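You will see two complexes here that share chain A, one where it goes with chain B and one where it goes with chain C.
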Partner chain A sequence: MTARKRRTILLAGLIVLGLVGFLTSLLIGPVPTGLSDLWRLVSKGDRDLAVIVVDLRLSRALLAFFVGAGLALAGAILQGFFQNPLADPFVLGVSSGSSFGAVLAIQLGLGVSFAAFSAQSLFAFVSGLLVVSFIYLLSRRRGVLKVETLLLTGIALGALASALTSFLLFLRTDSFEQAVFWLLGSFALAEWNQVGVVAPYVLASLLVAQWLARDMNLLSLGDETARSLGCPVDRVRGGFLVLATILAASAVSVSGIIGFVGLIVPHWVRIWIGPDHRHLFPFSALTGGVCLIFCDLASRSLLPATELPIGIITAAAGAPFFVYLLHRRS
Partner chain B sequence: MSILDVRGLEAGYGEGPVIKGISFALGRGEFISVLGPNGSGKSTLLKAILRLIPRIEGSVAVEGREASRLGPRLMARSIAYVPQFPDASFAFTVEEVVLMGRYAHLGRFGRVSAVESRFLDEIMDLARIGHLRAKPLGRLSGGERQRVHIARALAQDAPLLLLDEPSTHLDVAYQLEVYRILRLLRREKGTAILCAEHNINLAVLFSDRLLFLKEGRLAAQGPPRRLVTRKLIRDVFGAEVDVRRNARTSLPEVSLIPPDEDAPCK
Partner chain C sequence: MQVRKVALLFALALGVSALPAGQSRAIRDDLGHEWTIGPPPRRIVSLAPNVTEILFALGLEDRIVGVTRYCDYPAGALAKEKVGGLVDPSLEKISALKPDLILAFRGNPVRTLGKMRSLGLPVFSLEPATSLESLLETIGKIGLVTGSEEAARAHAAALDARIKAVEAFLRGRAERPKVFLSLQGQGLWTCGRESFLDALIQRAGAVNIAAGIPKKWVLLGREEILHRDPDVVVIMAKTQADFERAAAWFRTEPRLKHLRAVAAGRMSFLDENKASRFGPRLVDAFEELVLILHPALQGSEP
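Then we have the complex of A and B:
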């Protein structure tokens, strides 16, 4: 099968699955809704139904889609960046770092915003960037970083950031809901302005990533070869580091830590359509979005009358896959 | 005009220079091999010309233009490079890797034209990898992979090609195959070649001139026919060998002599 054909099949499959996922998201919930209700909403307009279907369910489905797209794109970028299919924002501790920054901003009571950036997302970005830069500097100093070192450094930094986050949350009175949100990830608080926070970042990052995709391909030949081929390696690397962090931080600041999506999705997409980042980036984003819609559906419907934090679903599905990958490599 | 003009080149990685006071010129279509013991600065010389290392002093002119003033893409159109241990992560195919060599010409969004597509086919034929084009690099043998990286460098269509020990880890048939490609390239496209090599006999056989490096300095240079002598090898490498005339080519040939078991260790 040619690469083009495989991409077409994947695209068709994702469109169908995506539509099914969106539609199911609109129909499932505590208030029973059927296709006839949807039709009534579209044709006649029903305010009560609109609040449930559009403001609660559609915003949530879109939020899940964009967060999934952002995390998967961040994973694809980090895997290319470290030339390692086991990297992703969660495993490298970037998500936990961002989560700590966001919680810190809230704890300090920083309601102010600079330009379009809230203190919360700015803190999330800075602390996420600190984590990933630290890992990158370690990797630069030692030449090519070994897989074990990369993963262990990320896991250690992630654990540290999580401990600090837990400490801050422990000081609060409403700590249980907050802890669930920041440490396990959730779309339960989804609303339209959160979609407005994350969607522009994801779309803009995808555009920039696309612009630099050929450069990312060159990096897989090693930095020196890439430079000798005409790639401005340092600027490209800097750009990708910032992109991956923006994606992880914006995802975390609206939905908490959702692990493993960024690891599994790009990995699977690469197996299916090949390693060319010009295709890997958009397809990872799309696949990640569709994937998280279904994870969110599962989190809403697995237990009666309550919902699971989505991070539990992605970890339950993703962690075994991660272990499988680790063992297949060695 | 020479294609490469190196004057008073000094370069290192921070803890003192690795190469010092290197000056030489490379003419259009000329083949120069750089020889010397391990650690004498062969790789560093190539990387300094390409400006891949942090500390560089002296001047390197490529086609009359100072290299430090060329941007990365202009540089890549002038000099192509095959590193000593070329590698590729992820399962890129042979064709994709060769196409990466066109980056300096295509830029970020350029598409391959019909003319360029024919050019790439020609290069893959020259490197004898046309039949492997759809295979991922990881599935190839060492010799095949080396040829893919040479083809990738040729795709840059640069007038100067630098290679860092292209015959390392290759068996004798593949070594000759690599050098056959280089000679063909030189004859058909007039590409100038600067090649770090540890196999003296291979270098003598294929080069117009040899540069011998010792402890980062240029120890000797000239055409192989007169340059390679028993004394030179002793001076540069500290090794006792025989140098004889090859019966077929009448070129000097290094042959090993069994070491004296009783000689004290140096």
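Then we have the complex of A and C:
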């Protein structure tokens, strides 16, 4: 099969799966809804049904799609950046940094919000970015960024942030349950405004990544070769780092920690269509989005009268799949 | 014109006199959100087991359309539609029930409640202090927003009378036993100064050995318990069998078996559901606790 043919098949498959996923998302929930109800909603309008189908189900399906796309794109970028298929959106400590911020907001009992973003989301976003910036600053030696130092500093500061999070949980055990629910990830509290912020950002990031994709391909030939071919190595690296970090932090801030999507999706897409980043980026984003729509569906329909946190599903489904991919490759 | 004016005045006077003195139609809930008291709600969703118990106690059973999966008392609550748990209520389920009052309690995440408000769902939050008086106040508030003030007043007065009777018995007793309250049947979790259980122990004329710790829930070390050597160990458990298991553990634990309370056999069972819910049965737990802590009173209780 030619590479082009494989891409066409993948694209067609993703579009079909995506549409099926979206439609199922609108139909499934504790309140029985059929296609005829959807038609009635579209043709005549029905306020009560609109709250359930549009405000609750559509908003979370869209948010799941864009968060999935963002995480997978961030994963694809960082795997290219580190030239290591084990990198994921959280490798630089975004998850531990954001967790610390979110748990801090929960423990302080902050109810304030800004433009529909709860204190939890804002704290998560800001502390995620702070931790990564700190890691970045610590890893620079005389103006040069060493990739291994970056990775190892990320591990060290991530552990520190996790320790602080545990300390916060220990200080006030009564909001333990709330914090744990956040850490396991969920789209149950999706807001339209969150979709309104995350969606444009993910799309814009994809455009920028596309624009830099050729340079990312050059980076894989080694810094010297890339430079001689006219690639501004340091600027490209810096740009990708900022892009991936904000993508991961914004995803985490609206939905908690959802692991494995950013690790496995780019990995699988690379096996399917090859390592060219000009295709890897958009296909990873699309696959990640479709993937999370289905994971969210599972999260809200596997157990009766309650939701299974989505982080459990992505990890439980993702880990065995990852092992399978590794075995197949070797 | 004049006639109309008089009629208007009359209507106003009627409207005002229909309201109890000093009370306005718009109040604020415990999180500061405005709430307008209209006609009595007919479709109530309770987001906490203690709230469900209060609603039943006020005779509002027929108006409850949804409860949490933890609401198991009284038995009638088991038959009600479940809307999820304390921290993960299902927004879809709740909005489908079309409630005209959602009663939220401490422990329901602020963020979830905010999302409910943004969907136009009528949430009233209760966030009381820890004393028995705030329990009575909470019952009064639930009476106010459900349009059952009379029933609430009577219920609160009956509970108040029981509390006062117990306190009359306690008056003049100088003895204040030291107590270790064990949560969860096993393990050494207990209540710190910020918990309503600490307030309850104080009220029952005793000293909580963990009262110095400014937290709600505390995991005490064995050495700490040995050092503070309580006179009584109260074990909160779901069933008598759970209690027996926990008591047996204390008796056989190589270090804790030397505790004064354990050696003297002063270990008592306290029903977890009664004592851990900020509802009417907290007064039952209070009475039981007083009898446990002051065995001399036994037989002389009202």
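Everything that follows uses one rule, which is that the second predicted complex is superposed on the first by the 239 of 330 C-alpha atoms of A that agree within 3 Å, B and C clash if a C-alpha of one lies under 4 Å from a C-alpha of the other, contacts with A are read in each partner's own complex, and residues count from 1 in each chain.
Operating definition for what follows: contacts are C-beta pairs under 8 Å (C-beta built on N, C-alpha and C of every residue); 3 or more make two chains touch, one makes a residue touch a chain.
From a predicted model like this one, the values you see are computed outputs, not experimental measurements.
*Asks:* Counting only touches as set out at the top, which of chain B and chain C does A:55 meet: first, second, both, neither?
*Replies:* The answer is second: A:55 touches chain C but not chain B.
*Asks:* After lining up the shared chain so the two structures overlap, which partner does A:43 touch, if you call chain B first and chain C second: first, second, both or neither?
*Replies:* neither
*Asks:* So, does A:231 touch the first partner chain B, the second partner chain C, both, or neither?
*Replies:* Once the two structures are laid over each other on A, A:231 reaches chain B alone.
*Asks:* In the overlay, answer first, second, both or neither for which of chain B and chain C A:29 touches.
*Replies:* second
*Asks:* Which chain A residues contact chain B in one complex and chain C in the other?
*Replies:* Of chain A, no residue contacts chain B in one complex and chain C in the other.
*Asks:* Under the definition above, what is the set of chain C residues touching chain A in their complex?
*Replies:* 31, 69, 82-88, 90-93, 95-96, 98, 107, 109-112, 114-115, 118-120, 215-217
*Asks:* In the complex of these two chains, what residues of chain A are touching chain C?
*Replies:* Its residues touching chain C are 29-31, 48, 51-52, 55-57, 106, 109-111, 113, 116, 118, 120, 171-174, 177-178, 181, 188-189, 191, 305-307.
*Asks:* So in the complex, which bits of chain B are touching chain A?
*Replies:* Of all residues in chain B, those touching chain A are 47, 50, 52, 72-73, 75-77, 79-81, 83, 86-93, 96-97, 100-101, 103-104, 106, 108-109, 152, 156.
*Asks:* So in the complex, which bits of chain A are touching chain B?
*Replies:* Touching chain B: residues 80, 83-85, 211-215, 217-218, 220-222, 224-225, 227-232, 270, 274-276 of chain A.
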